[in-house]
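One structure is given below, represented as structure tokens, and several questions about it will come after.
In order of appearance the chains are A, B, C and D, and numbering begins at 1 in each one.
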Amino acid sequence: MKESPTAEIALIIIDMINDFQFEHGEDLAKKALNISDPINKVKEQFSRLNLPVIYVNDHYQLWQANLDKIISHCQNPISQPVIDAIRPSSQDYFLIKPKHSAFYGTALNTLLHQLNIKTLVLAGIAGNICVLFSANDAYMREFKLHIPKDCIASNNDHDNDNALLMMEEVLKADIRSMSQKNYNISALFPS
Amino acid sequence: MKESPTAEIALIIIDMINDFQFEHGEDLAKKALNISDPINKVKEQFSRLNLPVIYVNDHYQLWQANLDKIISHCQNPISQPVIDAIRPSSQDYFLIKPKHSAFYGTALNTLLHQLNIKTLVLAGIAGNICVLFSANDAYMREFKLHIPKDCIASNNDHDNDNALLMMEEVLKADIRSMSQKNYNISALFPS
Amino acid sequence: MKESPTAEIALIIIDMINDFQFEHGEDLAKKALNISDPINKVKEQFSRLNLPVIYVNDHYQLWQANLDKIISHCQNPISQPVIDAIRPSSQDYFLIKPKHSAFYGTALNTLLHQLNIKTLVLAGIAGNICVLFSANDAYMREFKLHIPKDCIASNNDHDNDNALLMMEEVLKADIRSMSQKNYNISALFPS
Amino acid sequence: MKESPTAEIALIIIDMINDFQFEHGEDLAKKALNISDPINKVKEQFSRLNLPVIYVNDHYQLWQANLDKIISHCQNPISQPVIDAIRPSSQDYFLIKPKHSAFYGTALNTLLHQLNIKTLVLAGIAGNICVLFSANDAYMREFKLHIPKDCIASNNDHDNDNALLMMEEVLKADIRSMSQKNYNISALFPS
């Protein structure tokens, strides 16, 4: 096996545990289901290589560090297929965030430092809000970024494309889709 | 009733859910049990007045926002009496922290801002480490501080006294014990 | 005079002291000169009402808190007209920032707290980078936002319009131009 | 030469540019002058090895990133000998801080990350306030600490000794004096 288990890379999955109770929420739920498949393909490779998978998720104003309560709060007919598709396993890290960015008011930076991570793969929703602002916070902390275009979604495809463009141009992210990379995580490593 | 339910004050309980698996841990567990009684008297008044009670607790490297897992991790014959005495209720806020300060890598500042809090009552362990460094982080954010001397404890009483002195002199904290104030929360309010 | 000198509002001017030494820098310098006029009209009203004007500016890797060195570093034939138009006065606050956001690695939040500011007017460049990411950091800290569309500019007008749209929709900013408001700062106050 | 110029170590000099206008300020000025000599011996070695020397200094509520203004504000008959002894050179980094900790509201963490620093030597005043709280912030960010006991001072020697003890025990700092190490910076490197 060529891939090193000590690669300095982590997968961050943003806001996929979601109640979708907002305007166009049903649309976004469908898109979230669509990206679950490529995200899970990435996640499987991370897990197989023993690389960290970190969920960072809105806390839905529960203000309690309690995964079960958050999942329970989010469960409804619209969200259920997404939660079923992408629920965190007991091996995954699970952090909660109170605001847009995965770094703001969370221990994410501390966790990444302890794990000696230098490169992030960002996935999740919404691409033009929480993913974008998390990406900038990562960039300001000097992480390298991969944001595969088939692993993020926004309410509106035009906004999603714009966010991808910004993340590519301003934040120097590699936005090639995992399918372009044949879902092969080794394509994420520097050669 | 003179006390206002909109008083801008919160109670922060630090690291009382603890495994006490460290040097002098058994000693600190006894002291933690001793301070549980005055802390609970404060907590009852906060709850009665509908004022926020916020636990901020070490996450024991679980890196999962999951209260049940943390309590379960901490339970042992030494910690059990303390956990039984001071376990958070379902109405209490519960945040986890990765390092000494209750503000570092947590959403505490965001929560306090949303609740419009200007004054903190700090309680818990260890007085000369996590309480002290949380107190300075609160002071730098310009919160007023009450740190009742009978509501904090350290491994070593001399260190606890020193920390109290520093918090009084450098961080302008009111360190009078709750018993000096007759366990009356109205003594915490500006007259 | 109807406007209150204690209004909880500040003007933030981002990256206008600039060397414009980057791709499309000359274009952006022209646009920066164009927005200097409306920004100065806002600034005059803030100064007249004794409201805070805060420059937050890239430090150009000088890593020294030294306004004169930064201005001296930035001066060149392209930047000179902009610097002449918008140079901070000795009454203005002047902070330096190392990254995109005006809040990251700066004392801006502390200053705003001390001044009891709840609402920000953002102006400057580049609208789709430093202004946008500063705006999100302000939004996460729960400031209300005014980002007059004639007071920001980006390399590319399409990107600028997109950023304005995002700041309006996602960050709830009021993006009406100062000319729409007749350059009247009282239009910024809640009625 | 055995010392590596790429050693991941920086010298942080805290609040030595000081107006000493506070209770016991004159006493602290004398102590600050006493520690200037060992600090300068360390600084000379850092400079010779091309290792970073970073001043982090109170901004005296000037809220302007302007070294000259700060020095000018601080100059008085009490402070003059200290400023003369330890004034930053044009090669030194100079950051301003608004509060106790050198990390709070500053770009220090960003600078240290860019310089790839893992170990800090802390020096300056006051040992039991700004040095102590900076040390904890450094510890929470997982820096290794050297705090030579002859390079810090506090108003009161008893408080200084207590702070040193805390930094040694709680923050795992090496507090041996530079004279114990024969003022030899190589003693700071892991063997």
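The rule is short, and it goes like this: a contact is a pair of C-beta atoms (placed from the backbone, for glycine too) under 8 Å apart; a residue touches a chain by one contact, two chains touch by 3 or more.
The UniProt protein names, listed by chain, are A, B, C, D = Nicotinamidase-related amidase.
Just so you know, these numbers come straight off a predicted model, no measurement behind them.
Asks: Hey, which chain ends up farthest from subunit C, C-alpha centres compared?
Replies: B
Asks: Among the listed pairs A-C, B-C or C-D, choose the one whose interface is a repeat of A-B, with over half of the contact pairs the same by residue number.
Replies: C-D
Asks: Using the average of all C-alpha atoms in each chain as its centre, how far is it in Å between subunit B and subunit D?
Replies: From the centre of subunit B to the centre of subunit D is 31 Å.
Asks: Once you find the CA centre of subunit A and the CA centre of subunit D, what distance in Å lies between them?
Replies: Chain centres of subunit A and subunit D, defined by C-alpha means, are spaced 40 Å apart.
Asks: What parts of subunit D, by residue number, touch at least two of the other chains?
Replies: 99, 104, 110, 140
Asks: Within their complex, state which residues of subunit B touch subunit D.
Replies: Against subunit D, the touching part of subunit B is residues 99-101, 104, 128-129, 133, 136-137, 139-140, 159, 162, 166, 170.
Asks: Sort out for me which residues of subunit D touch subunit A in the complex.
Replies: Going by the criterion above, the answer is residues 110, 113-114, 140-142.
Asks: For a test of understanding, state which residues of subunit B touch subunit A in their complex under the given definition.
Replies: 59, 63-68, 70, 93-99, 104-111
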